[in-house]
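What follows is a set of structures to go through.
Next come two complexes, and both contain chain A; in the first it sits with chain B, in the second with chain C.
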Partner chain A sequence: MRRTPYFWLQLAFTLLVCSFLLVPVFMSIVAGLTENFFVGVKSGFTTRWIGVVWELYAPTIFRSMYIALATLAVTLVVGVPAAYVLAKRPGMATRLIEEFLVLPVAIPGLAIALALIITYGGFRDFRTSWGFILVGHVLYTLPFMVRSVLAVLSSFNFQVLEESAASLGAGFWRRFFGIVLPNARSGIVAGALTVVTLSIGEFNLTWMMHTPETMTLPVGLADSYASMRLEIGSAYTLVFFIMITPLLVALQRYGVQSTRTRKGA
Partner chain B sequence: MNGKAGTAIRLVDCAKTFPNGTRALDKTSLEMRGGETIVFLGPSGCGKTTLLRVIAGLESPDEGGRVYFDDEDVTSQPIEHRNVGMVFQSYALFPNMNVGDNIAYGLKVHGVAPDKRARRVDEMLRMMQISELRERRITELSGGQRQRVALARAIAVQPRVLLLDEPLTALDALLRERLRIEIDVLLHSLGITAAYVTHDQGEAMAIGDRIAVMNKGAIVQTGSPREIYYKPASSFVADFIGTMNRVTGTLRGGALELPGGRIDWADQQGSGEMQVLFRPNDARIVEEAGAPLRGVVEQQFFLGDRTRLHVTGVADRTVVVETTEHREFRVGQSIGLRIEPGALLRLRD
Partner chain C sequence: MRGRENRFLLLMVAPAIVVGAAFFLLPLARLAVVGATGKLGIAAYTAVVTNPQYFQALASTIVLSVTVTVATLVIAGIAGVFLERNHFLGREALISMLTLPLAFPGVVVGFMVIMLAGRTGLIGEITSTFGAGRLVFAYSIAGLFTGYIYFSIPRVILTIMAAAEKLDPALEEAARSLGANPWRVIVDVILPALKPALIASGAICFATSMGAFGTAFTLATDIKVLPIVIYTEFTLLANIALAAALSMVLGIITWATLALSRVAAGATAAAAG
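Presenting the complex of A and B:
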């Protein structure tokens, strides 16, 4: 097939846009691995800055990880049953509750954080514990879990599956864990990946809510940009990249997969 | 798994009102003999599925209604304790399990040992002639195969009663016919009590030992397919099952006079104008000369196994006549008809 000049024009434009987005990423990675960024790459490559980041900010990395996992645990325990109940009782009330659940996404994180501080700031121990950050993250990520599970539950008639399981003698818990959950798996996994990714990257809320003892990775990033050498901030970005990329890839792949199975079913 | 074939089922005063106030089922009492197949037949919204769900235990009847399995009052038992087999229009197979695991599910729930379970699954697969599908995923099956798996799964636990909710509606005509025969044979060879919901009168006639015709939340007539067909208790039943001619004539001197002639009807009491009904296949086509009724063919439809004629001039409106004769008719042709008085029906409503 002969390519028209129009094709080459389009290709050039696409590459231009891509490079516009990708070059800064690449530059940032290079900066994190360069001895001295102002001198340039000729100053040599090093992993020294990653070491410094590790020394200074390792706790924020681990904290971000366990807050993400705790957020996931809470959204699973709360969000999946919530989605189940919402799917089981469609109607006006259900729609309203669903909209309310999504509100935190629409409200600026800063405003939510302020509201939480005003309300719970008085409880000193709670205010200074990572549990306080957890509450913020759950509030922010829960809708994504509920929506994701709800979408899958609405895509097949799980009630008739439950009824047939019941006719075969299965009680509620057996039906819930043996029939409902396995068939909602794609939505639960997609929701879980979204929640973990959002929680690890969450800045808005966390920046407002954190104390020096409860600093997370993204807040640490801001801190390092503001007060450290450019190379350290860049190396820190690199660490963040390494953590978040596998999650994003998994999210992408699972998202594609689950839409495929749904089409096949 | 103490299920035995032939549990008798008794419903006493079972009504169902939904929380939003919709009355889906009026007070209904019904007895199903052990081993009998009863078909709930009616248009959509007539309450037939609700009735089935009350038997299943998926809906509880309103205050005062009772459900008995043999002599046991199961009204307050949830479905999971009633040991009923259910087959749904949408098959309701578990997509997260393969065919074998679907069939084994109920056995597993009932605590049947793995080796016994496997044997029973084999037996079911053989019975439904789907042994080669054992490892298949549900999404890889055709509609007919899915319904076979659903039947096998429901029967595997030896339920006390088998409840089928429009099991063939989602299938194409040819497959529907074949599975209908299979289900009929299956139900009778198992000797299981079965309730079968459908809106298809052909299906109801073929499968039911008895048919309960339903309309607007109530059973309007119960009887054998033959009784329902030839002795409908109301015009609703008459019109819902098959085609029924409805003509108006005048009873005079032991005969019913119609525009196209007369039908001798010596044993009929009374006189004056009256409405009567008859089935298309109860009007026989006879030699025109000396025929008691005469009419003109308005339209003809060749249906393969029979020919359907729309005939004018016989009565106050066009009547439908069916014949299995091989001859061809012309539009506009005059024909003679004979209707035996025994085929005529008078309805009170």
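Presenting the complex of A and C:
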């Protein structure tokens, strides 16, 4: 096929956009592995900044991981059954419930964090525990789990399968675990990947809600950008990239196409 | 039988409703009340218009978000339609790379802007090599603009691509054979067909920019966007009532934008279909 000049022009433009997004990523990776970024790569490569990051911030890395897994557990237990009910009984009432469940996506994280602090900040033990952060993350990610599962369940008539199972004598829970869940698997996987990715990268809520003992990775990043030398911030960012990239690759492979409502910068 | 099933269903949706009520509705209601019970009283809600300092912050946040939205729609629109239309070696890789920053938190995006346009940034390096002096704009409104575009492009481009997939090339062919130049084809054929997607993703882009905090926080610019003002009032000045009122206003703006866009996109989709 012959390419028109318009093709090359648009390709050049798209490549330019791509380099705008990727060049700084590449630079920060190099900076995190360079002895002295101001001197340049001729100062030599080193992993010592990664070592410094590990010494200073290792707890934030593990905390982010287990908060993400806890968030995932809660959104699975709470979100998947809810999505099933919404798909099974489409109507005015469930429509309202759906609107209500996905509402947190439309409100900036800062506002939600303030609301939570004002309401629950008085409960000291709760306020200073990682459970407080967990609440924020669940609130923020639950809509993505519900939507993802709901999208898959609404895309085919699972009720017919359920009815035939019921006619063979399968009870409610047996049908839910034996038919609904396996058929919703792709939505659950996509939802789970989204939840973990969003939780690991969440900053707006967590920055307001954290205490020195409940610092997460993105909070630590902000701290390092503000108070550490550029190489340390870069090395820390590199650690974040290493954590997030497999999730993103998996998400691109298994994710539901709709990313329309992803938010949270 | 059905009554029993309904009880089960109620049981299954109940946890989600409880979580939403206890940790979202109730706190939001508290936020609204607290916003009205400071030393300004209910006037805290109008302070965003009557107080020049807050009004300035609101105005610059809106102007910034609108500019970012328009620029992102143009950039992601061109790249998205192109990627959907043309198949070439490396296309898949290009799409993956363009959507990679989706998961970057705002702070990381801010850091990327520093990498590009900060004191040791690439752009300054290039301009000083060419003897034009070191161009540093990360910490100005241009830096904010750059960062907001950075996190918006990946969000918008997938929606545009999904919509462009449904474009009918025959319509463009027809327009061209009737003598329309490429510009007319874009304005009269492609844009109207993409309209629902542009409205929907534009609204998300605008709402995200209005509420963005991490990027502005990292860049620590002297331009005060509304989320930074809220943060400053709350943590540094302990002006809790005002911070609450301002966040309610901000939340209402983003929520209303998204709700309106769904109505508008739905209406144009219905009209087009």
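Criterion: the second predicted complex is superposed on the first by the 248 of 265 C-alpha atoms of A that agree within 3 Å, B and C clash if a C-alpha of one lies under 4 Å from a C-alpha of the other, contacts with A are read in each partner's own complex, and residues count from 1 in each chain.
Assume a contact is a pair of C-beta atoms (placed from the backbone, for glycine too) under 8 Å apart; a residue touches a chain by one contact, two chains touch by 3 or more.
What you are looking at is a predicted structure, and each value in this text was computed from that prediction instead of being measured.
Engineer: Just from the overlay, do chain B and chain C fit on chain A, or is there a clash?
Structural biologist: Fit - chain B and chain C, as placed by superposing on chain A, sit side by side.
Engineer: May I ask you to decide whether A:E202 touches chain B, chain C, both, or neither, giving the answer as first, second, both or neither?
Structural biologist: After superposition on chain A, A:E202 lies in contact with chain C alone.
Engineer: Have a look at where A:G169 lands relative to chain B and chain C in the superposition and call it first, second, both or neither.
Structural biologist: In the superposed model, A:G169 contacts chain B only, not chain C.
Engineer: After lining up the shared chain so the two structures overlap, which partner does A:L161 touch, if you call chain B first and chain C second: first, second, both or neither?
Structural biologist: First partner only, chain B.
Engineer: Between chain B and chain C, point out the one touching more chain A residues.
Structural biologist: After superposition, C is the partner touching more of chain A.
Engineer: If we overlay the two complexes on their shared chain A, which of chain B and chain C does A:R89 touch? Say first, second, both or neither.
Structural biologist: Once the two structures are laid over each other on A, A:R89 reaches chain C alone.
Engineer: Touch check for A:Y6: first (chain B), second (chain C), both, or neither?
Structural biologist: The second partner, chain C, only.
Engineer: Between chain B and chain C, what is the shortest CA distance in the superposition, whole Å?
Structural biologist: In the combined three-chain model, chain B comes within 6 Å of chain C at the C-alpha level.
Engineer: Find the residues of chain A that appear in the contact set with chain B and again in the contact set with chain C.
Structural biologist: Chain A residues touching both partners: 264-265.
Engineer: Under the stated contact criterion, what part of chain C meets chain A in this complex?
Structural biologist: Touch list, chain C to chain A: 4-5, 8-10, 12-13, 15-17, 19-20, 23-28, 30-31, 34, 75, 78-79, 82-83, 86, 88, 94, 96-116, 120, 122, 148, 150-155, 158-159, 162, 182, 200-201, 204, 207-215, 217-218, 227, 230-231, 234, 240, 243-244, 247-248, 250-251, 254-255, 258-259.
Engineer: Can you name the residues of chain B that touch chain A in the complex?
Structural biologist: 56, 58, 78-81, 83-86, 88, 90, 92-96, 105-106, 109-110, 139, 150, 153-154, 157, 159, 163
Engineer: Which residues, counting only chain A, touch chain C once they are in their complex?
Structural biologist: Going through chain A, the ones touching chain C are 6-7, 10-11, 13-15, 17-18, 20-25, 27-28, 31, 37-38, 77-79, 81-82, 84-86, 88-89, 97, 100-101, 103-104, 106-112, 114-116, 118-120, 135, 138-139, 142, 146, 172-173, 197-198, 200-204, 207-208, 218, 221-222, 225-226, 230, 233, 237, 240, 244-245, 247-249, 251-252, 257-265.
Engineer: Please output the residues of chain A touching chain B within their complex, sorted ascending.
Structural biologist: 156-157, 160-161, 163-171, 174, 179, 182-183, 185, 264-265
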